[in-house]
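This report refers to the structure that appears directly beneath it.
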Amino acid sequence: MSNDRDIAILGVGMHPWGKWGHDFTEYGMVAARAALADAQVQWKDIQYVAGADTIRNGYPGFVAGATFAQKLGWNGARVSSSYAACASGAMALDSARAQILAGFCDVALVIGADTTPKGFFAPVGGGDRKHDPDWQRFHVLGATNPVYFALFARRRMDMYGATAEDFAQVKVKNSRHGLNNPNARFRKENVIADVLNSPIVSDPLRLLDICATSDGAAAMVVCSMDFARKHLGNTDGLCRVKAVGTVAPTYPQSVLELPDIASDSTAVVPAPARKWKDTIAFAAYEQAGIGPEDIDLAEVYDLSTALELDWYEHIGLCAEGEAEGLLRSGVTTIGGRVPVNASGGLACFGEAIPAQAISQVCELVWQLRGQATGRQVEGARVGITANQGLFGHGSSVIVAR
Amino acid sequence: MSNDRDIAILGVGMHPWGKWGHDFTEYGMVAARAALADAQVQWKDIQYVAGADTIRNGYPGFVAGATFAQKLGWNGARVSSSYAACASGAMALDSARAQILAGFCDVALVIGADTTPKGFFAPVGGGDRKHDPDWQRFHVLGATNPVYFALFARRRMDMYGATAEDFAQVKVKNSRHGLNNPNARFRKENVIADVLNSPIVSDPLRLLDICATSDGAAAMVVCSMDFARKHLGNTDGLCRVKAVGTVAPTYPQSVLELPDIASDSTAVVPAPARKWKDTIAFAAYEQAGIGPEDIDLAEVYDLSTALELDWYEHIGLCAEGEAEGLLRSGVTTIGGRVPVNASGGLACFGEAIPAQAISQVCELVWQLRGQATGRQVEGARVGITANQGLFGHGSSVIVAR
Amino acid sequence: MSETLSRVPIIDGWFTDDIDAPTLIGAKCSQCGTFVFPPRSSDCPNPNCDSITLDPTPLSRFGRIWSYTENCYAPPLPYVAAEPYEPYALAAVELAAEGLVVLGRVATGVRAVDLKVGMEMQLELDVSHRDADHEYMVYVWAPATPGSEAAQ
Amino acid sequence: MSETLSRVPIIDGWFTDDIDAPTLIGAKCSQCGTFVFPPRSSDCPNPNCDSITLDPTPLSRFGRIWSYTENCYAPPLPYVAAEPYEPYALAAVELAAEGLVVLGRVATGVRAVDLKVGMEMQLELDVSHRDADHEYMVYVWAPATPGSEAAQ
């Protein structure tokens, strides 16, 4: 697969996910050095640093691109710092890709790292932020992030007959997938009963249905195909970014999404035939000129077990309401036709917001190269990621070799 | 002037600067609608929204691109949200330019707006952020932003013989320039004595030497030359972005810059021949294929009166140590050879962080079109902006028609 | 309800204070007719409409559950939780006329086990929390009274 | 100095507690030899050097003023200002051997009017502020003692 919009992924790297409590830049340095070493590119040769921001770590987090460039040692590389909540890593990749394809740089470092607080995410900024929907949803409703995950879960139950056991089965699958992933935080096999015996947090979701918040980092070195050719002699077998879909909604956003208190109105303009989250992967498919049937594996955003099932439908692995059947059939388990979250997913990693969309791409690269020891999807050639950030940030990346 | 890296500026708009205390998105809407009207482009036709973030307005500020897209009404445009402190607007423009030149969109809205607190900027994030240089400089040293401005001012005095009257003269000049600017916050003519009688804040800088913090917004509609041609029939007389320099330092960053507590060491790698702030405009000149002698006007970042003098040298209007002479000669006053801050500059506007690098470009557009009533630089064809954001974010934009 | 506490809405302008038949206050575009909640006075969200004026409008008191959940643990601040904490349900309710889905707390005592997607609900007011001087009122969704507009 | 207060640095690991001849504690790259302040244990800032280990090293006690100022108004928190507030100077001092310019407060009583670019300064310790239990020490720049290393 090749076209003139491709960029190459020369190297990827992570800092293992966990709850270490260190400065986020320390994790970023480990991930950056790992990606550079994997790429066999020296830091001094990087021309652009696309940082994904963290908003819970003071000023250095807001200027992540500059923070990492300074800590690695100012090398004259230009920097950008992007924020799109959980999709920040994809926005940073999109920034690097546009710079490369516009001819403003040849080789870039894309990087995100975070240190997270314990417990629920609460609104940032302090004080009575009466204009801020993020403040409003907490103050007026107590609508935490798991509340939204739970709304989608409950709808699957009442509409499609999903059961608590189906949700638990997603956790069981992912816990097995991630068992041998050296970067995963939780490496313990769960059985259905573990999930069903864990306390209910936001009904119907239980503690083990919901992903934790983690410290972690991920980075990658991306470049133009010309640079790759010069760097490696040829581009045979190289992982290529075929598409980066960063997709915002089209009015009316008729599905209630985190952190909104109400949907858009469908009174005047009817709901679009393909709803927003169904457009995200399809924007990437269109860019890459492929379809769901061409995909060998997917990394999707399992904030909750039930949301992974939603994503099966959003990315076109099955029709609406059929995800439970797909799961039960084993198609999305390693060994099945389209393994989902072979990395172990957020179930095994937890959320490290600016890192996670990047880490999804890292996993695709390891899988496509055949380096995913203990969780390898055999013969994988094309993978997709899908992710969603608060306030209408959809992201989907397609990688092929 | 034309080359294949040009993009066109179809429209510009602002919300007047002030201290209104409203939600920042209200200002942004006014600026966006003004820019769209000026461009005669409908919001529904915008394909990309490049937001410059504000970090003091909660979550909506961190995802400025999405916030403005949602408030204008989700139209399917892709979004980005960039942060580079005071250079954020230039980073947003750079993002839009790369997307356009990479062929990912044809027409984009670049936008920034802020509501600011009173008094000194203090570190964001709360708590004891012992790893955060921004926290450290306040806690250990009490090094506010004016402290850094003052270090540069004092150095001019001790090294080049600058006087308090020279600094005051910058304020006098800019206060006259901005007198009739409808978007300026301070529209009062100052005389030397006004400045010299104002209290010393950070010696040697007085209250009227230092810019205030403001509420404000600025926006522009930019597009590919092809889009402009289709939209307007031709591209005659259109303002073009010839260069966007977003320049980070090269080690060693031998000049102590806000918010650092120490410079980089020159013990092993000597200081570069051209220091970082001297590289910012020159990166833009190189992109545009022109030099300082081709410039008809400049908007530079007068955080303090003395810093405007530094910028004369950084952007190549005169040699180091000669800025006071250039000022006294009248070259940088409207009517002179290269008026600087014909808008009135930050002296008349104050800082509205995500908006200001964009507002500098707006002023160039009005000047180049001959629409800068009451402050017009006659016959201006080429203008430059220069700006600097904390943590190594240099920005310079060249606009020509 | 305490007699000495002044009763104030938890947030200004989102709902009426008619305790018997409260309504949410949305905004309506005078040009294209679309609805917005929470209310705002400017900037129609319809990208095909360039109206900048939105007018306040009452929203339907009745609708059907799009989905629901229950907070088994206390949300963090700025949610003000009672001590001891009592789990409560939330529901997202579809208002047919406005084409809006509005998330709200569910009336005290009505739990997730009592709800179902599609169920008919009506708007009521409830006490969110109290401080030394105030009783903060919040809109809640409650199962529709039999014989009400929605339940027909 | 109070006898009942325990004396602690305002920030950990930036300077020694030798009250007579304190030094800043920087970091030095064992591979390329460059210096870093504030100190850190990893990540050489020289982009041409891939060392990830930096070792603590004392920095020169003496240097020359690169520039200086005076805070005429109290900085905001997290700066802890004494009441009533007393203006104080700050100086950025160039350390020749390390090629570093280090910003610091200037010793109490030495004001901007007493300073000049190029002036010789030496490192001292001073009390930043006190709380119920602690006296917080901070490094400061002071005019070099005549006959000192820098003043020769």
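Each chain carries a letter (A, B, C and D) given by its place in the written order, and its residues are counted from 1.
In the analysis below, a contact is a pair of C-beta atoms (placed from the backbone, for glycine too) under 8 Å apart; a residue touches a chain by one contact, two chains touch by 3 or more.
Not measured: the values here are computed from a predicted model.
S.K.: How many steps does it take, at the fewest, to get from chain B to chain D if each step moves to a chain that touches the one before?
M.R.: 1
S.K.: Distance-wise, how many Å sit between the C-alpha centres of chain A and chain C, to the nearest whole number?
M.R.: Computed value for the inter-centroid distance: 33 Å.
S.K.: With chain centres taken as the means of their Cα atoms, state the distance from chain C to chain D in Å.
M.R.: Whole-Å distance between the two chain centres: 57.
S.K.: Where the CA atoms of chain B average out and where those of chain C average out, how many Å apart are those spots?
M.R.: Spacing between the chain centres: roughly 44 Å.
S.K.: Between chain A and chain B, what distance separates the C-alpha centroids? Give it in angstrom.
M.R.: 34
S.K.: In chain B, what residues contact two or more other chains?
M.R.: 70, 73-75, 123, 133, 135, 251-252, 264, in rising order.
S.K.: Mind pulling the residue numbers of chain C that touch at least two other chains?
M.R.: In chain C, 45-48 touch at least two other chains.
S.K.: Make each chain a node and each touching pair an edge, then name the shape: line, ring, star, complete, other.
M.R.: Topology of the interface graph: other, matching no listed pattern.
S.K.: Quick one: which chain pairs are touching?
M.R.: By the stated definition, chains touch in these pairs: A-B, A-C, A-D, B-C, B-D.
S.K.: Over in the complex, which chain C residues touch chain A? Could you list them?
M.R.: For chain C paired with chain A, touching residues are 10-12, 14, 29, 32-38, 45-48, 66-81, 88-90, 92, 97-105, 112, 116-118, 138.
S.K.: Which of the residues in chain A come into contact with chain C in the complex?
M.R.: 119-120, 122-123, 128, 130, 133, 135-144, 147, 150-155, 158-159, 199-205, 251-252, 254-256, 260-269
S.K.: Show which residues of chain B lie in contact with chain A when the two form their complex.
M.R.: 23, 25, 53, 55-60, 62-63, 66-67, 69-70, 73-85, 91, 94-95, 97-104, 123-126, 129, 131-135, 246-253, 259, 264, 389-393
S.K.: How about chain B: which of its residues touch chain C in the complex?
M.R.: 26, 29, 33, 42-44, 70-75
S.K.: Please give the residue numbers of chain C that touch chain B in the complex, ascending.
M.R.: Chain C reaches chain B through residues 42-50, 52.
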